[in-house]
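Two complexes follow with chain A in common, the first pairing it with chain B and the second with chain C.
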Partner chain A sequence: MNAQKNLIDVRGVSKTFTVKSGTFFRKAAASTKAVNNVSLTIRKGEILGCVGGSGSGKSTLGRMIMRLIEPDDGAILFDGTDLRTLSPEAMRQYRKRLQIVFQDPLQSLNPRRTVAENIARPLMNFGTSPAVANRRVDELLELVGLDPRQSYRYPHEYSGGQCQRIAIARALALEPEFLFLDEPVSALDVSIQAQILNLLSELQKKLDLTFLFVSHDLKIVKQFCDRTVVMYRGCMLETGTSEEVYRDPKHPFTRDFLGTVLHVRKDSRWEQAAERAEDLESATRQSEAGCIYAGTCADRFQRCREAAPALTEIEGARHVACHLYSQPKQ
Partner chain B sequence: MTAVSETIAPAKPMPQRRTNLYFVWCGVLGDPVARVAAAIIILLVLMAIFAPWIAPFPPNEANPALRLMPPGTEGHLLGLDNQGRDILSRIIHGSQLTLISGILPVILGAAISIPLGLIGAWYPRLGEVIMRVMDVLFAFPMALLAIMLAALMGPGLVNMMIALVITLVPYNTRVVYAAARQERELAYVEASRAMATPDLKILFVEMLPNVVAASIVYSCTIVGAVVITAAGLSFLGLGVQPPIAEWGIMTSEGRSFVFVAPHIAAIPGLAITLLVMAFNLLGDSLRDSLDPKTRLTLVKHRPGPGGG
Partner chain C sequence: MENAGQPVLKVRNLRTGFATPAGTVVAVDNVSFDLHRNDVLAIIGESGSGKTVTALSLIKLISTPPGRYLGGSIEVEGTDILQLDEAAMESVRGRQIGMIFQNPRASLDPSFTIEFQLIETLMHHDPSLTRAAALDVATRSLQEVGFPDTARVLASYPHQLSGGMCQRIGLAMVLACDPKLLIADEPTTALDVGVQAKILLLLKKRSRETGLPIIIITHDMGVVRAIATRVLVMYGGHVQEEGEVDDVLSSPRHPYTQALIRSIPDPDQAIEEISFIKGEPPNLLSPPKGCRFAPRCDRAVALCHATVPEWRGIGEGRMVRCHLAETGAAQ
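Then we have the complex of A and B:
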């Protein structure tokens, strides 16, 4: 398993967002721990899924790897180099190797630039001549299955799925090794979702890419990703191969989260998934010291309130942060 | 979204790239109101340029025998003012200074406030400082601030224009700042950062075209207010000095005779109205033709001479 080396190694990163009030003399009014001491590795050529409800810090985590958000703490190693210690110029060069695809395809393209200009922009940033860039734009558009002859059009003339293809083409322009996919299909129709996912997995094989795939849809993650990380309120609760996490969720949160997926019961009534999902989001934290999920957890016991469980290894590649597994079964 | 697939499916040979100018051209030609507005502005500009040749009389030549005569007097189409000067000639000559004092401050003001607003929106701390300074300028009514500044610097055309520029900056800066703040939150800006676009390039290459339309439209609508403020300054003796012909001065001079000979104030007043209206209407049309989301319909559904 260690034959493939780690492309990305995130070590204990944290990020706290503070809402500030006042104009000149700013003081913290409220703060949220978006990501709390998260460590993970992504192997070269792997698709790592990251699931969690809204506000679980999964997008923040990805943006910190991209260095679009500066972490408060911790280290992010990309191919053995700590990105946080790089000088701005060195980081500029590293940006070629890490790219991002956003959730809203239309918003992520500049509306006043043609599709060709949008895709050529990253190339121009690194000194490619316009003629070479134009040829590359045509190649890229063909790669993602669009007609290069239409590249003088503006993004809003395309549909959502086509825009997402354009965004993918732009992300691939600099021949990156790593793509951060920030819910790339959640704004699209189900039929288009499949097309985009197929395109992504094709490209991943063809170009030997590594993905971090953030989503709130466990079903997509299960099919698309090799390994899955489950996050809740900035903490990593469970990791493992996608198949196993989906089939046999260990952490109580993962089980509850799987339960929020909407489905019809036999008597053709909708399961009360929404209510349960709301429970998950609104639960207040019981105490600073205890487990982050202790407030809502059905399986909680005394220890959950007293100490936060560490992420510990159980059977093979599974890691779970839960006291149910960190101590001998009662 | 069906329209999209229809337009993309046939691979017609199309022009490689359609510039903003092309869309402005089509938008203005396709819209009858904008066409009239543009025609009025072009006519006024031509009138200003060729004033010495087309005006029937020198602007300050007085004929006391015919003073206060109404429009339609023999040889004086628009009548004569209180000193017996031909109003038509004065309108034609006055268009020069009126256009300069109305348009130049707006252009200069926009040139200052667009970078200010963009930089302010990008760097929040600096933005707070800039916007609070603008708030101080905002605290004074536009005319009052212009009067104060013009009085400080002394009378004269140049000083008046400097005063007008300073007065205009806060308004336009706020428009740009608000638009840029919204724009900054969009994903394409974050995407630009992810692909290592330098900050200044994000501001002035990526964001500027999205923000500038708001400023252009606003600038067009404010030309009218500036013409009027400039006229007010001239009236107070802080701008252009009489007897130089300028529409604002002409209006205020005619004020004393409004019951005896209303045409002296009414004709330059109407000229100002026409100018202001033309700019407002053109501003509306420019907004449509500068926005990539609406401008395609302009080209498609309005069969103008340039469209297709």
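Then we have the complex of A and C:
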């Protein structure tokens, strides 16, 4: 896998959202660093998982790669080309190669168009003739395990899992190389989740796709993804193979986050984790200087409040942004 | 945790249906169960299994029409609430049965402060309360659900608070009315794992400390394991299996429960090994003639397709609706 070249190379991207107040003279009232200086690479053919709670910036990061949100800073290299330098028309051509699957399949499909029209839309956008597009729609529906003869139906006639299959078919219509999967199974029932994950996994192998899989479910990320990055409040705190991050989390945040995962086997550890779990809501923001997690971290020491730790390599391909692993303590 | 006392809630043969242009859909069909003090009963099932309609029926929140209670009884401490009129239900909701919902923000009014809404609710349910007394109860109730800074919360509007906070306010509102029974309809589905754990812990503690019986509707087996004492599995509007949590999760007797448990991603498995239930849940406009799960069941025999199995006890407080529960079906 190491020999594979990087398909996506994100270098130091940041995004700050500003909340404005006032009716006429709108001025910045507050700002949130949704993504703070994040760099990562996704190799060709790899499934990269990105986990974090709500507000961690994981979706914003993915959308910046797609250029659905314009980053304030940094570069996004796709196959060696910086997407941010492209003209709108050049970017439009690149969009064929990057596609997205959203969390809520019913909301992301056009309810007024039939399933066939929904899937054919991206093809028509790029000038495919209706006859060719129709043939392609049938192929795509078969690829995702749906009956092409039913394609005259509307999205609301399908269940959530089937709609997600349709959304995947639409995303694959232009034969992309990269899919951004934004919590694609979070809205689905457990039994259907497994179906969709299986389908994605098959498609990934069959079509040699590269995925960025965003989720708040560590169990699924561990299973589905080759590598995992852990995000918290816009910062990347830890990366490694999914196996390592799950079995041996290094960053205190990852450990706490893992602790609150509920298991089906008997295990009451979650109760202690819940007691300790940070009140994301009530926790006041730490000072700009220190580590972003210092306010809640059980292992914090003096330095954590003074300087933000950089993401550093600790062993193998593992990176952690935590003072516990950088310099000798105190 | 078998309880000798009278059940707080006794549901018998509950049937709830909806009129649609294409005919009547019986979303909840012959559901029966008991709920005692100290019980945390999880009702588990996929979308469309009837679990939420069951919960809404218990507090008579199904809008009629198009909904209709087609039969059965729901006894809360001996009174059949299906016989009560809307005015009488007013005093049952909140004071006897509290409920929290899946979307916490939707259950708060966006145009009033939390303080106003809490006080209004409390004074409505207990007209003898003064404003000051109600504020006092509200403050204490907020502290109980883990808000250290109640003044700030009371002065806020719902949109200024996160989903987890709104859910806790909903819980505080319900608990302040001191209900005899709490129904939680997917209370944590819309929340983050950390916040989910916090809310579940609150519910669990409340049940442990006061014996408050809770019904929690969920599709997440992790949630079931975390807080439930008993579990009721629903599929296609039918109850399929009931029993103590440990028993049902470790030795499920109904093929549907077995398949459901197998389909949960286990981090130790490879993705290809997750088994999933093939096919889709039944269309209740024209439900299968026999067992509702038969079309997707890999053990179904001719009998399963022909007749609906009885809901029957198989010992040790366990109930199941499967023709094959005694024979080869288990495991």
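By our rule, the second predicted complex is superposed on the first by the 304 of 330 C-alpha atoms of A that agree within 3 Å, B and C clash if a C-alpha of one lies under 4 Å from a C-alpha of the other, contacts with A are read in each partner's own complex, and residues count from 1 in each chain.
Convention: a residue touches a chain if its C-beta (ideal position, glycine included) is under 8 Å from a C-beta of that chain, and two chains touch if they have at least 3 such contacts.
Note that the structure is predicted; figures quoted are calculated from it, not measured.
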Chain B versus chain C as contact partner of A:Gly53, first or second or both or neither: second
First (chain B), second (chain C), both or neither touched by A:Gln107: first
Which superposed partner A:Ala307 touches (first chain B, second chain C, both, neither): neither
Contacts of A:Tyr152 with chain B and chain C, given as first, second, both or neither: first
Partner chain in contact with A:Phe257 - chain B first, chain C second, else both or neither: second
Chain B versus chain C as contact partner of A:Leu207, first or second or both or neither: neither
First (chain B), second (chain C), both or neither touched by A:Ile220: second
Chain B versus chain C as contact partner of A:Pro122, first or second or both or neither: first
Which superposed partner A:Ala194 touches (first chain B, second chain C, both, neither): second
Shared chain A surface residues [contacts with chain B and with chain C]: 159-160, 162
Partner chain A, residues of chain B touching it in the complex: 1, 4-5, 7-8, 11, 14-18, 128, 132, 186-188, 190-198, 201, 206, 209-210, 292-293, 296
Chain C-touching residues of chain A, taken from the complex the two chains share: 53-54, 159-162, 189-195, 197-198, 201, 216-220, 222-224, 246, 256-257, 260-267, 270-271, 273-275, 277-282
Residues of chain C that touch chain A when the two form their complex: 46-48, 146-149, 161-165, 192-198, 200-201, 204, 219-226, 246, 249, 259-261, 263-267, 269-272, 274-277, 280-281
Chain A residues within the chain B interface of the complex: 23-24, 66, 68, 91-92, 95-96, 98-100, 102-104, 107-114, 121-122, 125-126, 147, 149-150, 152-154, 156-160, 162, 167, 170, 173-174
